[in-house]
Each structure stands twice: as structure tokens, then as C-alpha cells.
Amino acid sequence: MVFLPLVTQLIQTNMDNQGNAILLIHCQDTPGIIAEITNFITVNKGNIVNLDQHVDHGANAFFMRIEWQLEKFLIPKDRIGEYFQTLYANKYGMEFWLYFSGQKPRMCIFVSKMSHCLYDILARYSAGEWNVDIPLIISNHEDLRPVAEQFGIPFHVFEITKENKAAQEAAEMKLLEENGVTFIVLARYMQVISDEMIARYPNKIINIHHSFLPAFIGAKPYHQAYERGVKIIGATSHYVNAELDAGPIIEQDVARITHKDSVDTLVNKGRDLEKIVLSRAVSKHIDRKILVFRNKTVIFD
Amino acid sequence: MVFLPLVTQLIQTNMDNQGNAILLIHCQDTPGIIAEITNFITVNKGNIVNLDQHVDHGANAFFMRIEWQLEKFLIPKDRIGEYFQTLYANKYGMEFWLYFSGQKPRMCIFVSKMSHCLYDILARYSAGEWNVDIPLIISNHEDLRPVAEQFGIPFHVFEITKENKAAQEAAEMKLLEENGVTFIVLARYMQVISDEMIARYPNKIINIHHSFLPAFIGAKPYHQAYERGVKIIGATSHYVNAELDAGPIIEQDVARITHKDSVDTLVNKGRDLEKIVLSRAVSKHIDRKILVFRNKTVIFD
Amino acid sequence: MVFLPLVTQLIQTNMDNQGNAILLIHCQDTPGIIAEITNFITVNKGNIVNLDQHVDHGANAFFMRIEWQLEKFLIPKDRIGEYFQTLYANKYGMEFWLYFSGQKPRMCIFVSKMSHCLYDILARYSAGEWNVDIPLIISNHEDLRPVAEQFGIPFHVFEITKENKAAQEAAEMKLLEENGVTFIVLARYMQVISDEMIARYPNKIINIHHSFLPAFIGAKPYHQAYERGVKIIGATSHYVNAELDAGPIIEQDVARITHKDSVDTLVNKGRDLEKIVLSRAVSKHIDRKILVFRNKTVIFD
Amino acid sequence: MVFLPLVTQLIQTNMDNQGNAILLIHCQDTPGIIAEITNFITVNKGNIVNLDQHVDHGANAFFMRIEWQLEKFLIPKDRIGEYFQTLYANKYGMEFWLYFSGQKPRMCIFVSKMSHCLYDILARYSAGEWNVDIPLIISNHEDLRPVAEQFGIPFHVFEITKENKAAQEAAEMKLLEENGVTFIVLARYMQVISDEMIARYPNKIINIHHSFLPAFIGAKPYHQAYERGVKIIGATSHYVNAELDAGPIIEQDVARITHKDSVDTLVNKGRDLEKIVLSRAVSKHIDRKILVFRNKTVIFD
């Protein structure tokens, strides 16, 4: 290989430097980190378009999301991670995640029989609201196949029984991998995901639970809310972890109810909450605005 | 006693018929109840100014609040209860509560060391927002005596220890009785009320719990909320019953938080929720708008 | 025609008495109305399942919505209106509207180019959330034809220019009539409806305006909101009347924003508001829960 | 004066370096600003505890709030402003505001006859919620003197008529100056502030308007809201500028209402909104979290 001076190399590789880079960082809080990182980007001619940082003083933990334009950035796209690892991550013991706006996340939706969350997601997808690809939908029932077909998205049914669960999930994971799926959305999927699958997609499976967690964990939360006589119901989207309805919360919202509401009207009012809260969480995930730390989320602006 | 014809008697007694009567009713749902009761008031020349009713179809239970002007009402004020009992309550197996707008409820506030709920209540009281008397404030600490004195309300301290609790509560109840107290407001009173006292004031003790119940029951709910990483905090006012934080909920409200909030800022944001939610509940109690049924509240408009 | 005794007639006709009757009433406030009407239903063996009434004391106006089961009701369905007119409406100078749960309202959706409200409505329709028929969709552009086709609903395009507007609206109204349309939903339809058409559908055209009315009337409300620097944006659904964005308000909701929001993110956040607020209004209209009085709505529970 | 080497000077002066410095910055957006400023603080041994920045891409404007601990900061407190001016402000054409946590803002409250906002502020003040001094209260009426006296705060009455307004405001401004007042809170003060006074306190007079601005500007907003038939009412706190109810908005909030609400109940519900919204705005002002730019506020976390 012929030796080229560094600058020439950079200029050549830079042909591909388009769009934005998004860098999420987590490390112990140390004075000077912000200065160093913003300096790194600036001296290399990156134009910072977004910066949000957070210090958890109790945990002495530092979090940052920084987004910059790549157009004139001196370091080629495919080397940025390596440079950052060498120059800063090693030095500060950082975890970091580097994304590019041009790389669309690939989402698989899991559904059962209820259509409201699925429709809400597909309507946004179809209208181009989100920077995402949806290569497939998985279900344990046939019911929503017509919805998938309306939107022209492949629909795969894996019926789940106690006996076949492990095998079916294995098949699902194979399919997910073949489709390059980067995260999963459980859009009222009425099955518990096994620990194996959760381990394969850590903080990459988003669930919607139809209560204001941690109230009314588990089955039939609207019935529980009705029985308790609450005056406000809620919905919670969270990453799935090994403990039921106990993963890191991404988004919550609530709606006021009264004594006049029956379980049925709670279910009706809840549907709107569920779909909006789930879609807000999905949107933040797609935009790489979430960091998970100690079972809680840091959500950048 | 000389016999007087009925109409004359009525006219005489009617001299006192001023203000409004408020009737709260609960019984099994039966066709025709609304017609009978509205008819009873109308033919006796009462002018209905407010009617709200609710049927819990699941429990087959009927609830009603009806308010009418007494000015031309043919039945004297002090006989209405008797008439209603005879004509309707016996027939339908009703429970009913009859109030007059001229009879102010008498409230005792229990406090410990935090002033925000107390100030909010006393400011409203002082501005004449509420149709209530506050003959006294009770505390287990001296701290808020200056606030009581600012507003010229007697302040009684009963220090509570494990050993003296029963005796102190007995003394408190004697004082409440002497002051004609009809309901109690626990304005961040940091003591558990004994079952004896609760039994003496059933659905007449209003507490504010600084969480969105049933989430975060018990001590330090803001710490619990912080640990769980919720995105919304709440406050709940409820009637006190024998089970901790499990009484009938009157009012709830919430506030949005983020990962940037520490326990301290949650406490700050929560204070505003607590005082507003408590005052809304107190206001509804004062206006006789609440019925309790199976550990839930029916709250009339 | 052979004479049949009344009771027999009733029993025969009663074969069709199924479902519920819904009666909306408006008249001057007079003592005894509630008693008379509830009595009328009760003595004729109707089982009242829902009653909500409102008195506007300032305007001395009475409003009521009452719903009862027809199964054992003695008056045949097709005579109830006549009886009610004769017995009560004439006497009290009432306006009244009588509906039957079995008669589905027929809705026409008008759209232009934005799909979010349309998808939200069609997803609910498709999931059977609403007791409504949607025989057709009308647009001034071709853009959303694929969405209509996804859901199998006829899609008619009437391009509107200054010159052809009257003729096109006439054609639209003919089509609406042929399809038995009872109300119209403007789901971000970017055309002003003419007075002729409004007069044909008084309080039967529901619009969604993307601001918290009466703030930001007219064009580009998100731009206006951005310019003014508000901290909360809103959406308003209202019946269309002759004055722009000034018809009776049915439903409003809001979302918090910050200085970080651009016009684009306002538009994004607003979309969710718009679709939910519009659908809530449509749902109330379908359920016959709205009365209009002096350019304001009474919305029954 | 004996010459001392710089470092010694610094060490000596540093004896006073306690608490935090808060720096608010505004300038044209230029690459590298964040890096330079965080670097400046870090190399001088300031520990950044809070950083929030915002870029208005449309206006190409940069905003930043940065807070750091002074304890080990090498530059003495009373020289920081000068250093910053020389090193950065001149270079970037910045406007900047430097505050120290130990310097309490001094607030004067203006009131008329309504007590709810005043009580809310004084209760917080009295409980130590805010880092502020309140040396005096000014009113155009005697009514609230007892409230001021309850809290031991001097109360000055300046009756305002058309004729004496200029003279009275001059006297007020003299009093404000004597008391070192840094900002003014209009707690339902029912007088328009003159342009002279506004010019003396630019973006330093906080008003609460009892509507969701820009809806219902001017007098009697609750009456206007009632007439329009809105379903949500609001309150808006803003800095006062020369145009009525048109100054930069700091905070807004809303409450849901129904057709059952009269003007009176709107006023009641509005009171809670007003006091909370005003207090939130005051709190942000006290914490130096607000920058005003082109009649809008940037509100830092």
C-alpha cells in the first residue's frame, strides 16, 4: 500500500461524511469532560447542532448526548468510533454509543389482537414521521394480519404455548436477525418475553403497560384501577427487563376519570393513552435520545 | 297544646326556611326513584337548583345529590328528614344524609412540621373561599404554632409517643367533641391515626398522601419515586380507614418530572401538588359532594 | 282498517322496541320538568340507564339527556316522538331530539393532504370503537386516496378553485345526500366551507383547529404560537359556523412546549393533539351527547 | 501599594470564593463557544455543577447558563466579570449576566385586593422555599395590610388616580430604590404600570394574567372565557413590557372546565392556577434561569 499523507486520506474518505453523528456518552463525572469533547468536535471542524448533558450528583455519573454535522468533519465517519475510543473513552472509562443519522434503526412490532397501538405506529411510519424501517411484524395470533397487509408489511405468526415457547422464540430471533432488526416494540403483545430474548435485546425491547407503573403491575390493570377507585389512570412505556413491568421507564402519561367510568370506559380512555405513550417512547428510541443507567432512563432533549 | 291545622303549622315553621337543603341518597337501583324524589320536592314547592345522580350498574346501586331552595318549601326545615325517612327511605331501603347550607361544617386541621398545606388551607379560609369553621389546629409538634397564631386560631400540641398515644388521642377526641368538630384534615400530619379515632370519624378524616396511590404506599414516597425512575409524580387525598393509605380516594393530581430531578426537587414539586390536591378534596367535603360506597367515592358535580 | 284495542296495538308494535332511546331536551327552566319526564318514562315501563341534566341559571335554560331501554317500553318506537311532542314539548316550549341506539349516524370525512387525523378515525372505525358508518371520504386532493383504499372506503376528489367552489360544493352536497350522511368531519381539510353548506349542516360539521382557540385564529397557528413564545400549545374541535374558527367548542387539549421547540417540532407535537381532540369530539357527537346553545356546547356525561 | 505576584493575590482574594457562580450568556451562534467557556471554567478549577445551552438555529443565536462551584476557583469572585468580559464577551459580542448564589434577589410585591397570590408567595417565603428577600409590599388599597402584617413585612399604600399616577409611581420607584429592590411581582395588582416604570425594570416585572395568553387579553378574561365557551382555562405569567399582556411569557398552565361552570366557578378554579403559575415564574426568576430574547423567554433547566 502506498503511503499517503494523513490529510489527503481524510479528504478522500470524507466524501462519505454526510448527515449527522450522534454520540451518547456515560462515565464517572470528572471536571473537564464537556470541554474536552466539545473541543474535540470543534477543532475537527464538526458543527455541533445539539448538546444535552446531565450529571447525577448522587451517583457521580455523567451523561451526554452530542450531535454534530459531518459535512466538514475531518475524521472519516468509519473512524470516528476508533478515534473516540482511543482519545477519550479509554482515558475516562466511558461507555459510548455512536450513531449516524443516515443509519435507520430497524424495528419489529410484536402484536396480539388489539389494533390501536399498531395502527398508530403504522400511520406514523406511513406518513414518514419517523426515521425508521419496519421490515416485519410478529404476532401470536392471526387477527391483525389484515392491518399488516393494509400497510404492506410482512406478518409472521408464531403461536405460543407453554411447550413450544422456547422453540418459537428461537425461530423469532432467527427471523429478527435475518431482518437486521435493531429493536422490538411490544404493541400490546400479550405474552411474557423470555429472559433469553431479553438478554439478546437489552434495553432494546419497548413495552407499553396500561397502568401508571408501579401501580397495578401485572394482569388486568384497568380492573385493578377500577377496584381501587383511582381518579386518574395512566400508561407507561418501558424497556423490558427480566422482572415483570419493572424495567426502565421511558414515558408515562395519565387521564382523569370519575366514578362514572366503568371498566369498559377505562379501557376506551386507556387506548388513547397507550398508543400515544408508546409512540412517544418509540420516537425517542429512534432518535437515540435515551440512555439507561441503573434501571432508569436519561432522556435527552 | 292547641291543635292547629297543618297548613298553618307549616307556614309558621316556614319562617325559618332559608338557604338550601342538600340531600345525598344511596340505595339499590330501582326504576322511578328520580321521578319520585324530584316530584316530592317539586309538589312541596322546593326549587331544585342542582341534581346529580349516578347509577353503578355493576353493583346495581343508585346515588343522588339534590339541592333545592327552602324559601317556599312547604315542609319545615326540621321536619324534612323525618318526612323523607317515612315517605321514601323506609320504602326503598335508602341511606340518606340531609344538610343545610346554613350549617357550616367544623374542621380541625392536624399538622406536624411542614407548613405548605396548612398555609394553603388557612389562606382560603381567611379569604372566605370556603363555607367552613376552623375552631382549632392540633399538632404533635410546636413548630407551626406561629402560623396558627398569624391566623388567630387556637393551636393545641399533643406530643405522641408509643406509650402515650392512646391517652393523647383520647384527649384529642375530647377536645374535638368540645369544639363540635365534624371532620378532620391531616395536613401532612406525620402520625398514623388509631383505629379508635378512625371509627369515631368514619369517612370524616381526609389525608394527603404524597404519591399517586396505590403506587408508593407508606414512608418516603418521593424517595421511592426517585428510585423507580417514574416520569410523573402525584399526590392523593383520601378518607382515612383502618388500612394504611388504602382509604377511598377523593382527588389525585400529577406533575411531570425528568431524570434531572433529585429527591429534593421532587419534594419541591410535590409540595404544590399536595396542597392543591388536599384543598380540592376538602372543598368537596365541605360542599357535601362526596358519597362513599365500597371504599370508593362518588363525587357529585 | 280493523280497530284494535290500544294495548294490543302497542304489544304488536313493541316487537321492534329494541335497544335504547336517547332524548335530548332544551327549554326554559321550569320547576318540575325532571319529575315529569322521568315519570313519563318510568310509568311507561322504560328503564332509565342514564340521565344528565344541566341548568344554566344565568340564561334560565334547562338541558337534559336521558337514555332508557326500550325493551318493555309501552310506547312504540315510532310513536315516542309524537307522544313526547304532544305531552311535553308543546306544554314547555321544548326543543327536543330523539335518537335510537340502533340508528347509526353516517359520517363523511373531508381531508386534504395530511393523514394523521384520517388514520386515527379510520383505525377506530375499523376496530369497531364507534357506532358509526363512514360511507365516503371527500378530498380536494388525490394524496390520501391510498389511505381510503387501505380501508376500503370510497374516496371522491373535488378540486376547489375560486371559480368552481359553489358548483363543487353543490356536487358534494348531492353526494352527501345520496349517501345519507348525517354529519361531516373536517380532518385537517384545508378549505373554508361556504355558508350554504354550513346552513345545510348546522352544528353537524366538526372541525379541528390546530390551536387553543380563541388564540391563533386563522392560518398557520403553530407559526403564530412560535412567534408569541407560548409555553403550551393546543388544539380545538368545534362545530363550524359562519364565522371563521368561532363556532361552538366541543373539546380542547394542550401540550407543554419549551423554547427548544421550533415550528417543526410544534407541528409534530400538535399532530397528536389534533387527532386525539378531534376523535374525542367525533365520539361525543356519535353518542349524541352534545347540545348547542348560544354558540356554546352542553356536553353530557 | 506593594506589588504582589498574581498567584498570591488570587489565593488571598479567594478566601471569599464561596457558593456558586451563575453565568447567563447570549451571543450569535459560533462553533467552539461551549468548548471555550467550559474550558475556561475547568482550567481555572471551577467545578461545573450545571450546564444548559440552547441554539436557536432560525435566529442563529446561542444561549447558555452555566453554574460552577467557586470554592477552588482561581479567579476571585469580584474579578470574574471583568475576566469574562475581556477574554470572551468582547471576542464573541456576548451579552452576559453574572450572579452569585450568595446574593439574594430583592423582590417587591404589588397587590390590590385579592389575597391568594400574595398568601402563596408569603407562605413560600416564610417556609424558606426561595432564595429571596422581600423588603416591602406595595398596594393601591388598604385591604391586604393585615396579611402583610401577619408576615411582618412593611406595607405601603399608594392610591392611584389618573391625576396622581405619575407622582405616585415616582414615589414608589424611590421607595424601591431605597430598598434595593431588584425585581417586582404583580400579584393581581389591578393597575397598568407606566412605561417609565417598565423602562426602569426591563424584564424585571413579573405579572400574572388570568387567561391562557394570547387568548383573552385585557379585562375580565374569565367573563370572556365563559362567553366563548372554552373547555380549558389558563393562567400566564410574563414579564411586563410596554404592550398590554404582550410581554415575554415565562410560564402557563391550564385547568379543564365544563359547561357547568359559571363565571364564579371559573374565578374559583382560576385562583389556584394563578397562584401556582405566578409562583413558578417567580421561582425561575429568583434562580436566574430566564433569558429574554426577542420577546420570548429561554428557560434553562
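Going by the order they are written in, the chains are A, B, C and D; count residues from 1 in each one.
Going forward, a contact is a pair of C-beta atoms (placed from the backbone, for glycine too) under 8 Å apart; a residue touches a chain by one contact, two chains touch by 3 or more.
Keep in mind it's a predicted model, so treat the numbers as computed, not measured.
Novice: Counting C-beta pairs in contact, which chain pair has more, B-C or C-D?
Specialist: C-D
Novice: Farthest from subunit A in C-alpha centre terms, which chain would that be?
Specialist: Ranked by distance of C-alpha centres from subunit A, the top chain is B.
Novice: With over half of the numbers shared counting as same, classify the subunit A/subunit D interface as same or different.
Specialist: Same residues, largely: of all residue numbers at this interface, over half are found in both copies.
Novice: Whole-Å distance, subunit B centre to subunit D centre, using C-alpha means?
Specialist: 38
Novice: When the centre of a chain is set as the mean of its C-alpha atoms, what distance in Å lies between subunit B and subunit C?
Specialist: Spacing between the chain centres: roughly 38 Å.
Novice: So, what's the distance in Å between the C-alpha centres of subunit D and subunit C?
Specialist: 45
Novice: Please output the residue numbers of subunit B that touch at least 2 other chains, ranges allowed.
Specialist: Residue numbers touching two or more other chains: 57, 260.
Novice: Show which residues of subunit D lie in contact with subunit B when the two form their complex.
Specialist: Counting only subunit D, the residues touching subunit B are 114-116, 119-120, 123-124, 126-127, 129, 147, 150-151, 260, 268, 271-272, 276, 279, 301.
Novice: For the complex, which residues does subunit C have touching subunit B?
Specialist: Per the touch definition, subunit C meets subunit B at residues 31-32, 34-35, 38-39, 41-42, 47-51, 53, 55, 57, 256.
Novice: Within the complex, which stretch of subunit C touches subunit D?
Specialist: Checking each residue of subunit C against subunit D gives 54, 56-58, 212-216, 228-232, 234, 248-254, 258-260, 262, 295-299.
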